[in-house]
Amino acid sequence: MENILIILTYVAVGASAISGALEARKHEMDIVGATTIAFVTAFGGGTIRDLLLGRTPVFWVIDPWLTVVTFFVGAIAFYRLDRISNRLLIIADAIGLGLFSILGAIYTLQLELSPIVAVLMGVVTGMFGGVLRDLLCNRIPNVFRQSTELYATCSFVGTSVFILLRSFTIESFPAAVIGAAIIFSMRLAAVRFKMTLPAP
Amino acid sequence: MENILIILTYVAVGASAISGALEARKHEMDIVGATTIAFVTAFGGGTIRDLLLGRTPVFWVIDPWLTVVTFFVGAIAFYRLDRISNRLLIIADAIGLGLFSILGAIYTLQLELSPIVAVLMGVVTGMFGGVLRDLLCNRIPNVFRQSTELYATCSFVGTSVFILLRSFTIESFPAAVIGAAIIFSMRLAAVRFKMTLPAP
Amino acid sequence: MENILIILTYVAVGASAISGALEARKHEMDIVGATTIAFVTAFGGGTIRDLLLGRTPVFWVIDPWLTVVTFFVGAIAFYRLDRISNRLLIIADAIGLGLFSILGAIYTLQLELSPIVAVLMGVVTGMFGGVLRDLLCNRIPNVFRQSTELYATCSFVGTSVFILLRSFTIESFPAAVIGAAIIFSMRLAAVRFKMTLPAP
C-alpha cells in the first residue's frame, strides 16, 4: 500500500512538473524559469498548507529526493518534450488533486484543528500549486476563471465526504480512498462534460 | 467592550470580503475565484503578519467561524449584490484598516519585538490584504499607485502614534483607541479630499 | 572580518533597495509602492528562505535597523536619484547575490538539512527578491526570461562549489569566500559577455 502511495505521488508530481515546464516554454522562459515553475506547480499547494499550519521546515525540505526528480522532469520536459497527450496530463493531474487534497486534510486533522479547516486545507493543497504557477506566469489563475471546468469544487466535495465519513466512525483509510476517488472521477467527469460553475 | 471589538471585526472582514468578491466579478471569475479573493482580501494581511512573526497556525485556522462567514459573504456578494454604496464600503474598510493595523502592532509587541517592527507589522496587516487581492487579479497593487488616496500612510501614522503614546506610559487601551481613530478618520479625510502622496 | 561582512551586506541591500525603488518609479507608483518594492527586493529572498525553513520571526524582524536603512535608501532613490551608473548597480547586486546565496546555504546546513536543500535555499535566497519585485510590478520575473544573463545559475554553481569544498573537510570560512567569489565573478562575466541559457 505504502508503495502505491509513493508511486501515485511521483506520478502526480511528475504531471505537475511537466505542465509547469510546458507553461514556462509558452512564456519564453529559460530553464531557470521552467524548473522553478515546475517546482512551484508541484509543491506550491503543500508548501502554503505547511506554512499556514506551521509545519516547518516544509515537507519537501525534509525529503529532498522528490525535489531532485521534479527538477529533472521539469528540465527534460522543457528541452525535449515535443508533444504529450493532453488527456494523460489531465488524468495524472486528477490523481494528484485527489491524493494531495485528502493528504492536506489528514495533516490538518493530525494537528487537532477543526474539520472546517481540514476541508479548507485540502482545497488549498489541491489548487494553490496551479494558482502560484499562473501568478509567476503573470496571468489570472486559471482555476478562478468562469470557463474552467470544476477543479477546486471537486477537491471541496471529496474532502468534505472524507471528513463526514470519518466522523461516522468509518476508519480513516477507506474514507480516504473514497474521498480521493470522488475527487479523481468528479474532475475527469467535469473535463469530459465541460462542467463549469454558474456565472453570477 | 469585547463585543464591540467582535462586531467591528465582522464589519471590517465583511467589507473586505464584499470588495474582494466584486473585484473577482469584474475579472470574470467564477465563485471559486470570488470566495478565494474575498478570503485573501479579508485575511491576507493578518496571514502575512503571522507568517513573518512565526505565529502559526495562523489566526484564522484557529478560529474557523470567521472563515465560514467570509466565504458566505463573498459568495452572496458575488451572486446577488447588484449595487452597493461605495461610500459604505469605504467606511467599513477604514474601520478594518484602523482595527487591524493596531492589532498587528499589539501582536508584535506581545512578542517583545522592537517598536519599529510593530509599526511595520501594523502597516503590513492593514495593507497586504489588498495587495494580495490585486496580485491574484493580475494588476499592480492599487495601494502602490500615485493616484490612490493615502492608505498605508494612515496606518503608518496611527500605528506610530499608538506606539509613541504607549511609550509615554499611557495605558494600552486608550492608546489603541486613539491610534485606530486617527487611522480611520485620516483615511476618510484622504478619500474625501483626494489626498495623495507627492510623485517624484 | 565581521565588519567587512556588515559593510558588504549594507552595500548589497542598498543596491537592491535602489533597483526596487527605480523599478517602482517606472510603474508610476508612489512612495508606498517604492519603499515596499525596495524592501521586497532587498529582503524577499531571505524572507522566503526563513519561512520555508521555519526560522521565524524572520531575520529582518529581529534586527530592524537594516529595515530602516532600506526604507530611507528606497525613499531617497525614489525622489532624488536622477541617474545612477547601471554598472555600479550590477556590481553591487552581484555582491549581494554571492553573499546571500552562501549565507542561505550556511543557515540551511545549521539546521542539519541535506546539502541538496542547502544549494536550493542558496539559490532561493539569491533570486527570490527579484522574483517578488517583478510579481508586484505585474510582469514575468526577469530572472526567468531567455534573454536574461545567467543569474540563478551563478548562485547554483557557486553554492554547489561551497557545499562540495566543505564536504572535503575544507573549513567553512575559506569555502564560503571561494563560493561567493565564484558567484560574483560569474555573474559579472555573464553580464559582460551576454551569456544566457540555451532556449529549448
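By letter and in written order, the chains are A, B and C; residue numbering begins at 1 in each of them.
Just so it is clear, a residue touches a chain if its C-beta (ideal position, glycine included) is under 8 Å from a C-beta of that chain, and two chains touch if they have at least 3 such contacts.
Everything numeric in this text was worked out from a predicted model, so none of it was measured.
Peer 1: List the interface residue numbers of chain A and of chain C, divide the shared ones by all numbers used, and answer same when the ratio is over half, different when under half.
Peer 2: different
Peer 1: Please report how far chain B has to rotate so that its Cα atoms sit on those of chain C, a copy of the same sequence, as a value between 0 and 180° in steps of 5.
Peer 2: Rounded to 5 degrees, the superposing rotation is 120 degrees.
Peer 1: When the centre of a chain is set as the mean of its C-alpha atoms, what distance in Å lies between chain A and chain C?
Peer 2: One centre to the other, that is 30 Å.
Peer 1: What parts of chain B, by residue number, touch at least two of the other chains?
Peer 2: In chain B, the residues touching two or more other chains are 51, 54, 56, 135, 138.
Peer 1: Residue numbers of chain A touching chain B in their complex, please.
Peer 2: For chain A paired with chain B, touching residues are 51-54, 56, 111, 113-114, 116-117, 120, 127, 131, 135, 138-141, 143-146, 148, 151-153, 196-200.
Peer 1: Could you pull out which chain A residues touch chain C in their complex?
Peer 2: Touching chain C from chain A are residues 24-25, 27-33, 36-37, 47, 51, 54, 56-58, 61-62, 64, 67-68, 78-79, 135-138.
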